[in-house]
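Note that subunit A is present in both complexes that follow, paired respectively with subunit B and with subunit C.
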Partner chain A sequence: MLACSIQRKDEIGNLHEKHLRRLNLKDEKQVTEIDMAMSSDVSPTGRRYAPGTPTGLRLWWHRHRLTVIPYLYIAPFFILFAIFLAWPVVRSFYLSFHKQQGISTPTFIGLDNYVNLVADPRFKQSLLNTTVYALGSLLLQIPLAFILAVVVNSKLVPWANAKSFYRLSYFVPLLTSAVIASLMFSILYDYNSGLINSYLMRAFGEEAKVGWVRNASVVKFSIILLLIWRFTGINSLYFVAGLQNIPKELEEAAAIDGANWWQVLFGITIPLMRPVILFVTVTAINGSYQIFAEPYLLTGGGPRDQSLSIVQYLYNTGFSYFNLGYASAIGYTLVTIIVILAILNLRFFGAFREDQ
Partner chain B sequence: MTTSVQATTASAPRFSAIRIRNGALVSIANVFLLIGVLLAAIPFIYMISASFKPQNEIFTFPVQVIPKNPYLDNYTTLFGETLYLRWFLNTAIVAVGRTALSLFLCMLAGFAFAKYDFPFRRVLFVMVLASFTLPFEVVLIPLYTMMVRLGWLNTYWVLIVPFAASAFGIFLARQYALALPTELMEAARIDGSSELGIFFRIALPNLRPALAVMGIIFFQASWNDFLWPLIVLNDSAMYVINLALPTLRGPYGDQYGLVLGGAVIAVIPIIIIFFAMQRYFIEGIMAGALKG
Partner chain C sequence: MTQANATLSRRDFVRWSGMAAGAAAVAACAAPAAPAGSDAAGEAAPAEDMEVIVEAWAHWEQGLGWIQNSMDNYGFSEENPHITWNPVVAPFAEIHDKMLAACASGVGVPDVMRVEQGRMAAFFKGEEICFIDLTDRIGDRMDDLVLGSAVDYWSWKGSVYGIGNEVNACSLAYRKGVFDEIGIETPFETWDDLMEAGVVLKEAKDMAVISWHDLHDGDFQIMLFAAGGEMFDENGDFGGINDLGKQILEFQRMTIHDLGIAISAPVTGDSTWSPPIYWEAFRQDQIACTLGAPWHNGKLGREDKIGPGQENEWRLQRIPAGFGANLPTATHGGTSVSIPKQAEHPEEAWQIIEHTHLTEAVLQDSIERGIWPSYIPVLDDPILNEPYDYYEGQVIGELYKDLALQMPRIFQSPWAPEFHTAIQNFVITPVLQDQADIDAAFSELEPELERIKSL
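The block that comes next holds the complex of A and B.
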């Protein structure tokens, strides 16, 4: 054992010698640095010297490459990031205080765009619609996803094969895009002969037909249904993953202490799932406020703007009416709403934590 | 400790009593879940089935899931009389191009953020993360104006370049690169490897799972994109599938067979990726929850 380690040390020493010879180093300082570099706990920034004797520019490169290289590595990303994201973000903010019609030069109008926005009935309608979509996600879709996850993860599904089958089937709606899902639903929702109305007619007669995409008081619900179809599965998967991270012992211990199923659920499972619930909620709210393709393709925002979303209003304003300043103001209002809601969410779940 | 053990033994019967062994409950739960599976699958099955039916049979009721005489005209018309093949190629070129560019940019930068220490590292990274929270719609107007100026409308560039620098991508790349053992890099350096050599010969081969996960995320995002193509493409020869599908409905919006056929083909690449790379696909989807 001892002999072995001594021999090994010698080997390492030999290697070290060889290395120094190869590097052809005469400078004492360099040798020390190499020594430091070769000791086991080198800092990742420690300088190294490549074979050969560096001079001039190459010497500079060898000395500084570890400081320069990371910048070279991040440069391509940040160049694109600056041009196509950072700059437009700033530019959009600037435009939101200007009036710009098409390619005309922007003229400064202060807060007028925002003032007009507050009074704009179409904007208010789109804000209301979008909020209803978000509430639909919060009150229908997320609870449904949570229940599905709890059931799949519980002893109610005792077979492992069935568990993975259910989880796999959650992926099915994820394979389609918003466009394909909307086109499929537009066929299912068809008033005269769509699948849903056909069944309703057979069961309840002619007057049971629902104007899924033409009845002003139903369209928002139709779109929420589509969103439930698309996103319940993925949210459920997030919840299942979260549930699997909860140590079984905790729930069992509570059960031993006499807690019933509901008490375990609300006292242990849900509080421990807080990070996942927060993530799902924030994502769902973000997604709902940015909804575009579904109402655009199903209803075109109608009837009478009853399904118009904020992004579609932005799109119409910017790309049908070419009112670029006003559209930018809509964009920034959307940003403000999303940021405020995210902060409220964090607060809400944060406060929840202090209660513990 | 002892007391808790005693408690365990004492209340063991009660514990098993609240365990759900009730056969009825199990069946109700599973029926409920199976209905859910069915509801998730019906639109899909309906789409595939109807794409093999002539226009006048799509809406016949009750629905025939497996058409009596499979009707292929929807598909032959798609490839024969529309630009579907071109749209499919456009979509594929854009998706592959954007995935490759994004992977390169994000991997290189994420690797630098994970494995090098340099001034402003934190500030720059936080800046990227902050852009996460921004809805991309906010940049639509200036970005569109920029594309007009660059003359990029109706090109592949307009779909590939602007969203290649993905904040989520760099975040994921850094997460994965953090797990790389620094000793490997040190050893390579001592052996005289160049820094670029370390990236290509050590980092990338060890980050293959990350490449797969991120590649799937980028590919799917590009494949499913709609709003941006809608704004920057108006030449039908340059359309991507998502943009072309709604136009297939025809002037009266009733040519559902074509639309559905087109949709079925458009989903196939994603389904192939899903089944061929299921582990990475799932990891990519979960990455949002567990790492974000």
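The block that comes next holds the complex of A and C.
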């Protein structure tokens, strides 16, 4: 069978070369086309060509085209990625070690931008604020999302249509743009005519009014409430998806062994949900440290920088103050913080354990 | 033609696509066209009849619309049919950010940029300022401008980089009807008079005489200028850490906390000067006076201000005396027209600016928006001197002309945005909200300002 195949190939090769000579074709393109058509299972490298076959660059192309062409197909993405993402990332890293204010030539200042950050009270305040937002996500938003998911997945919501309704409802706040959500909350939070204060006033009198976005000691909580409204639903959906993947047999077996609902929840459900909890925690913390639109639109970072987020400070430094070197240093510090927190989370949830 | 020649093979497709993409990339990476008229552009300047499109950026439509209408209505378009105006409008932060990016990259720069005074400071940082110095172009016509409003915010180290067309002469608007009811004589000569009136007003009507902005340094700034003080000195340093600044802050603090006759301005976190709820407080009879420039309190009868319901009750007056030099006014806010150095058509851009800002054509904006121009020769124009019904026929144009001619000069600072934030965070808000000690607040502010400068 094999011998027959080899003989057949030789015959085709000979016929091919005779045919080329007859046509006296010198164009490499035509040679290649016919070559491909007649002997597609034969490697182009190592072939002997008749006189007039390509040399130099053409020969290189002829030999490597099958390797090169796929790269050409995927090149547009990588070119755009390099120009619009990779280059700015590299450039801003370079700038973070330079002083560049306004239109000027960057001056190398080593680690000065990073050293200045350590002493910068506004950066420290923004870091504190952002950490409070992250803690709000961690301690309020994620537990709430999990509770909602457990309820939706339980027999308390027995109908499939009702479960779908809740899932859809959870998604709506995320579909609302940050601008609209902030506008809504600014109306709710208004000191004189806001809905929340009007209820408080009706119930407890004028003194009960709260400066939701004016009072330095309250403003962070106001932002956290907005974040909870926006993101609890989507996190809940992740949890619902995770809960639905837990085999019912395990919970049933535990129940048969006498475990009550709480024991099943803490002994079976939550441990099996660990990958989902890890994902939600990492994304929530990551998102919290990158929060920008909500405080920017709701409070502008005030009062007294009490709601200023790191990204907002970065934006102000880069664009309002036009201090590009310092803004780059803030950006890289933020990246470092997020990476460290992500690693800590992964370790905490045992993501690096070999049994995973 | 053979079949092989007529069919486009995949190889051909890849080859030609690659060549096309390469050509496009080379074209995209090519240096931008040199400005018309520059040496690099060749010897010949553009012909008179060659169509020139002057691209202009601003953060609000009317800010460019009046210039177009002014060109059409005051003969510019007729005389220069080859020059057309192409307005590009984007939200406030976006358009200024775009301008910074365009300046830094040198690509996609407009011919005219309307720069809000608060955002101009960023352009004064660094070795090079990306706008054309207009000082010589304006030349002797400087004498025709209310310099404090027209050029000072856009000037640095003696050079002018933009012209603002509005005279932002601050005044005090007071609700005369309410003061008349309780037998208080107006206008107020001094801040002490206002304070005394406030005590009676509080007693009689449970109404605040004024509201002070505790999340914005605007009131402090206006009063400091009117007292002859400097917000920034010629080197861009803060000039309010002195007795004058302390007296003004102490007065504001006292009226809120000791006398209870003033309140914190009802504003929102993201709009800390005069959002809709600010004006709502006036409609609800909570506040009786407001301090500001014409764009703020010039025409309180507008729907976006107090609006219908308080006709004939309001009046305008000069800023009361009582601090420092006792000047009757100060400037506050404004937006320039500036020409970027990398503009494609700087000469045509200047022609438009010259026509619309340094001739009577500036009145177009008064007709459209009711502003008072910073160009002095037109301040007697009947358009600006009509009685204003909302103020019971007061000719506010006369007041503004009087104030404009006494407008104090000011300095801009390259660190203005950072300094304003620091002043608010370290001084204004703590003093007006929490009654912080003013000296202690100033002591904390000083190193912060130095730190900002060192960055």
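Just so it is clear, the second predicted complex is superposed on the first by the 283 of 356 C-alpha atoms of A that agree within 3 Å, B and C clash if a C-alpha of one lies under 4 Å from a C-alpha of the other, contacts with A are read in each partner's own complex, and residues count from 1 in each chain.
In this text, contacts are C-beta pairs under 8 Å (C-beta built on N, C-alpha and C of every residue); 3 or more make two chains touch, one makes a residue touch a chain.
Predicted, not measured: the structure shown is a model, and the values here were computed from it.
Enquirer: Assess the superposed three-chain arrangement around subunit A: do subunit B and subunit C clash, or do they fit?
Expert: clash
Enquirer: Going by the contact rule set out at the top, does A:Asp305 touch subunit B (first), subunit C (second), both, or neither?
Expert: second
Enquirer: Thinking of the overlay built on chain A, is A:Trp229 touched by subunit B (first), by subunit C (second), by both, or by neither?
Expert: A:Trp229 contacts subunit B only, not subunit C.
Enquirer: For A:Ala162, is the partner it touches subunit B (first), subunit C (second), both, or none of the two (neither)?
Expert: first
Enquirer: Applying the touch criterion given at the start, work out whether A:Val151 contacts subunit B, subunit C, both or neither, answering first, second, both or neither.
Expert: In the superposition, A:Val151 contacts subunit B only.
Enquirer: Figure out whether A:Arg214 sits in contact with subunit B (first) or subunit C (second), or with both, or with neither.
Expert: Only subunit C is touched by A:Arg214; subunit B is not.
Enquirer: Once chain A of both complexes is superposed, is A:Pro76 in touch with subunit B (first), subunit C (second), both, or neither?
Expert: both
Enquirer: Check the residue A:Gly102 against both partner chains and state whether it touches subunit B (first), subunit C (second), both, or neither.
Expert: second
Enquirer: In the superposed arrangement, does A:Asn116 touch subunit B (first), subunit C (second), both or neither?
Expert: second
Enquirer: Could you let me know whether more residues of subunit A are touched by subunit B or by subunit C?
Expert: Counted on subunit A, the partner with more touching residues turns out to be B.
Enquirer: With both complexes superposed on chain A, which partner does A:Leu66 reach: first (subunit B), second (subunit C), both or neither?
Expert: First partner only, subunit B.
Enquirer: Identify which of the listed stretches of subunit B (1-9, 127-135 or 235-243) has C-alpha atoms clashing with subunit C after the superposition.
Expert: 235-243
Enquirer: Check subunit A for residues that touch subunit B in one structure and subunit C in the other, and list them.
Expert: 65, 69, 76, 103, 190, 192-193, 297, 319, 324
Enquirer: Quick one: which bits of subunit C touch subunit A in the complex? Just the residue numbers, please.
Expert: Going by the criterion above, the answer is residues 4, 9, 11-12, 14, 18, 21, 25, 93, 96-97, 100, 103-104, 119, 122-130, 215, 264, 266, 268-270, 272, 277, 280-281, 414-415, 417-418, 421, 424-425, 429-430, 433, 448, 451, 454-455.
Enquirer: Which stretch or stretches of subunit A touch subunit C in the complex?
Expert: 29-30, 32-33, 65, 69, 72, 76, 79, 100-105, 116, 119-121, 182, 186, 190-193, 213-214, 216, 219, 296-300, 302-305, 307, 316, 319-324, 326
Enquirer: Quick check on the complex: what are the subunit A residues that touch subunit B?
Expert: On the subunit A side, the touching residues are 19, 37-38, 42-45, 48, 50-51, 65-67, 69-71, 73-74, 76-78, 80-81, 84-89, 91-92, 95, 103, 148, 151-152, 154-158, 162, 165-166, 169-181, 183-185, 187-188, 190, 192-195, 198, 202, 229, 233-234, 237-238, 241-242, 252, 255-258, 260-261, 276, 279-280, 283, 286, 289-290, 292-293, 297, 311, 314-315, 318-319, 324, 327-328, 331-332, 334-335, 338-339, 342.
Enquirer: Touching residues of subunit B toward subunit A in the complex: what are they?
Expert: Subunit B reaches subunit A through residues 7-8, 11-12, 14-15, 18-20, 25-26, 29-30, 32-33, 36-37, 39-41, 43-44, 46-47, 50, 58-59, 61, 63, 104-106, 108-109, 111-113, 115-119, 121, 124, 128, 131, 133-146, 148, 161-165, 167, 170, 182, 185-186, 189-190, 192, 194-195, 199, 223-224, 226-227, 230-231, 242, 245-246, 249, 256, 259-260, 263, 266-267, 270-271, 274, 281-282, 285-286, 288-290, 292.
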